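Next up is a structure, given as structure tokens.
Going by the order they are written in, the chains are A, B, C and D; count residues from 1 in each one.
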Amino acid sequence: MINVTIWNEFVHEKIHDAVKAVYPNGIHTALAQGIQQDGFAIETATLEEPEHGLTEEVLNRTDVLIWWGHMAHDKVSDDIVARVKQRVLDGMGLVVLHSGHFSKIFKALMGTSCDLKWREAEEQEIIWNVNPSHPIAEGIGEKIILDHEEMYGEYFDIPTPDEIVFISNFEGGEVFRSGCTFRRGRGKIFYFRPGHETHPTYFHPGVLKVIANGVKWAAPAPGEALRFGHSPQPVREFAKGSVV
Amino acid sequence: MINVTIWNEFVHEKIHDAVKAVYPNGIHTALAQGIQQDGFAIETATLEEPEHGLTEEVLNRTDVLIWWGHMAHDKVSDDIVARVKQRVLDGMGLVVLHSGHFSKIFKALMGTSCDLKWREAEEQEIIWNVNPSHPIAEGIGEKIILDHEEMYGEYFDIPTPDEIVFISNFEGGEVFRSGCTFRRGRGKIFYFRPGHETHPTYFHPGVLKVIANGVKWAAPAPGEALRFGHSPQPVREFAKGSVV
Amino acid sequence: MINVTIWNEFVHEKIHDAVKAVYPNGIHTALAQGIQQDGFAIETATLEEPEHGLTEEVLNRTDVLIWWGHMAHDKVSDDIVARVKQRVLDGMGLVVLHSGHFSKIFKALMGTSCDLKWREAEEQEIIWNVNPSHPIAEGIGEKIILDHEEMYGEYFDIPTPDEIVFISNFEGGEVFRSGCTFRRGRGKIFYFRPGHETHPTYFHPGVLKVIANGVKWAAPAPGEALRFGHSPQPVREFAKGSVV
Amino acid sequence: MINVTIWNEFVHEKIHDAVKAVYPNGIHTALAQGIQQDGFAIETATLEEPEHGLTEEVLNRTDVLIWWGHMAHDKVSDDIVARVKQRVLDGMGLVVLHSGHFSKIFKALMGTSCDLKWREAEEQEIIWNVNPSHPIAEGIGEKIILDHEEMYGEYFDIPTPDEIVFISNFEGGEVFRSGCTFRRGRGKIFYFRPGHETHPTYFHPGVLKVIANGVKWAAPAPGEALRFGHSPQPVREFAKGSVV
């Protein structure tokens, strides 16, 4: 059983009617309902909760954290970001969605600006599977078509991804590396592009399937803690001066 | 001075009027003229020449081989393919263009089918630079727009590229990893997508700039031959049984 | 249930007493016993069987093929190699062990010489885990120590691996990328270095754990066949001449 | 002409006799002398200078910054680190040496702990070239042998490198990914392991050759600034509702 915490800043849904109409109970709730059939143990957390709902206790029992944020990235406390980052390095999986590309936690883990181009023009996005044997693409087939989405365009200022799973074509001419994986410390990170707050993207079965696959892929396996630092004992004895 | 050999099967241009109209002297000649200002020493070779123009002498003096082929892949002798492959593994650069994705030499170096989707519908291709600090993208800016090209679509059945430099958006909705690098042995390989025989793509300054950049990137540096095989002498002495 | 076929050329064990002493029933039998507790459905195949035991029927029911060969690479029929290669591109996993680096099937899938340095000097190999969150490293900890193994040294002439999971240190001073993954078509390939025929390496629990992990990682997921070729119907309608 | 700034914290050399004996004028001076024949325009900067010698003016004229630090990482101002990081994302090359793995600037660009194992035991390091066609390996041959160095061992907690150029074997049994490249924004980063302050490593011709190669590789090419943000104008016109 994978323990999933879905974090949503949960601001748009309270102040913008167009968003409220799509996600009346918040994006986090839609996501939780959308992936629950995969058998995850799901809880949610939002910005306004104490410690943004991301207490040590919550993070300690979280296998994979899903992150959606947009207009309130700056409101997320640096201390909580540092705590989440350490948990990722210690093995917690992280699935970053859409505008989460600009969250403090994603930027801290990437080391780059994570900037991109964007346009809100109700245009069609076609998400192509370019890594068909990857577990995150399982069951997706060759593409997902979203009739209307916000455009994100290259150059997307991220480090070279470990793996590119999806690439999007936008009607207005742009492309985007929409599904990317990154390993950081013991943690696995999956960035997945779609999910603008005014579109019902998180009700799309293909999108939900990718997110559920991402959670499974990012879930940590049991393993020894990594050992670092002073290692005075060599693994094998050697005689100084034995150089050929 | 980089010695470049441009290989073209040179069949379309002799039998198809639409192609002859665009490339009356052959694609190889257009390419040679298009990149000559970069100061390369250029020669050309074609299918109908003895040994397809790729004799041991020619290959030995070639730093980078450019390859365009399409309707006559099967006519290329397996012996010549083996010879070219060995030269690549020994360090000769290789720039494979457009329908060269299905050439024997590219498939032998990739190990996959190199298959893809295609459509001839005069549609617009926008080639996005997704690796702006890569030498192959130098001077290109954010994109190249080709008004009309053949569509190539994913899934493109290649090994994971070492680097993705360009990704194309096609008007009909597809995407394609259009600029990809691969290292094989001591040789560097650059695949670049555009160049359908009925379009004047190889007169486009941006396309020619990318090809010239690719040649410079793929050119071999002087270096020792690689050493393989039995190495009875260890680099350092060791005492069997010295295990901690 | 993953269906595993273990292929072994099974020649050393019949003609070399030192090998027979270690693997009296063949390396394939030792491997089968060593990973059987993982719940795989295992069969074996050897060079001397008709079609080397790799009939269409056998391959069609194989999820992951393990390959060990050394002195008889040339005896493997090119037709069978082509058949195995096609199955890998269609999704069958492949785990290549030790001297299998020089097998026809591995070279055909890699496109390079797959050459390396080697020495038989009973030296210690320490295999370091450099990808601790990778499923192939699960349960391995930071290293595996083999008291005596054949040395394999860099430069190992393979394409850039998709992922490097293990790197070996040899007592005589060499290093080697000992655990490497590659995707080819729909198939996943894992190369794992240890396993010289005169050493009891395939009785080592850590080595067997890695091989079992590799099988699980390489096993195919159900998925649609890839679609290639002529795609006359665009995914979206477009108006020629609509260029901005 | 590439403008190189060599930054050294320059503390060990003033307070530790063993270091002063090897680098009486500081590691930065030894490095400057060691790579000057490559025709770089070199300046140096140290911790104790105002703004650590890394003023806006200095950074603006720097093509590639070399970084050596160890005992005073914490003394480097966060503001200067932010300034250097921005310059790297804007295209300045960065060559990080040895204990610089733990510098604020490297950790900020990597997003990980950058931790590792270490031991000071005067042991032999053999640095193997595992990427022989890479420009950073040009002229190096198959290996560099350092008779005595500090050991650095895996797991090295960095993101997956874009390219691994060198891997080290240490006498005591460890391995290390000693030469790694990373792209961040428009900037290219090269990490190179050797260079403990008590060893004359930065007088070794092979080590200096690698550092000079790294500088040349990391040097920025002229290029347009990257364009980000709101892009209301699509590249091609599209008709909403045109979905097939």
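The criterion applied here is as follows: contacts are C-beta pairs under 8 Å (C-beta built on N, C-alpha and C of every residue); 3 or more make two chains touch, one makes a residue touch a chain.
By chain, with names taken from UniProt: A, B, C, D = Trehalose utilization protein ThuA.
If you're wondering where the values come from, they're calculated on a predicted model, not measured in any experiment.
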item: Result of counting contacting C-beta pairs for A-D and B-D, higher pair; value: A-D
item: Longest centre-to-centre distance from chain C, chain (CA-based); value: D
item: Chain C-chain D separation of Cα centroids, rounded to whole Å; value: 35
item: Whole-Å gap separating chain B and chain D, where each centre is the average of the chain's CA atoms; value: 32
item: Interchain centroid distance [CA atoms averaged], chain A/chain D, Å; value: 29
item: Touching two or more other chains - residues of chain A; value: 124, 126, 132, 142, 145, 153, 155, 160, 162-163, 169, 171, 173-174, 183, 185, 226-227, 234-236, 238, 242-244
item: Residues of chain A defined as touching chain C within the complex; value: 91, 124, 126, 131-133, 135, 137-139, 141-143, 145, 162-163, 169, 171, 173, 183, 185-188, 220-224, 226-227, 235-236, 244
item: Chain A residues within the chain D interface of the complex; value: 85, 89, 108-113, 115-119, 121-124, 145, 147-148, 151, 153, 155, 157, 159-160, 162, 171-174, 182-185, 226-232, 234-236, 238, 240, 242-243
item: Touching residues (chain side chain B, partner chain A) in the complex; value: 124, 126, 128-130, 132, 142, 153-156, 160, 163-164, 167-170, 173-175, 177, 233-239, 242-244
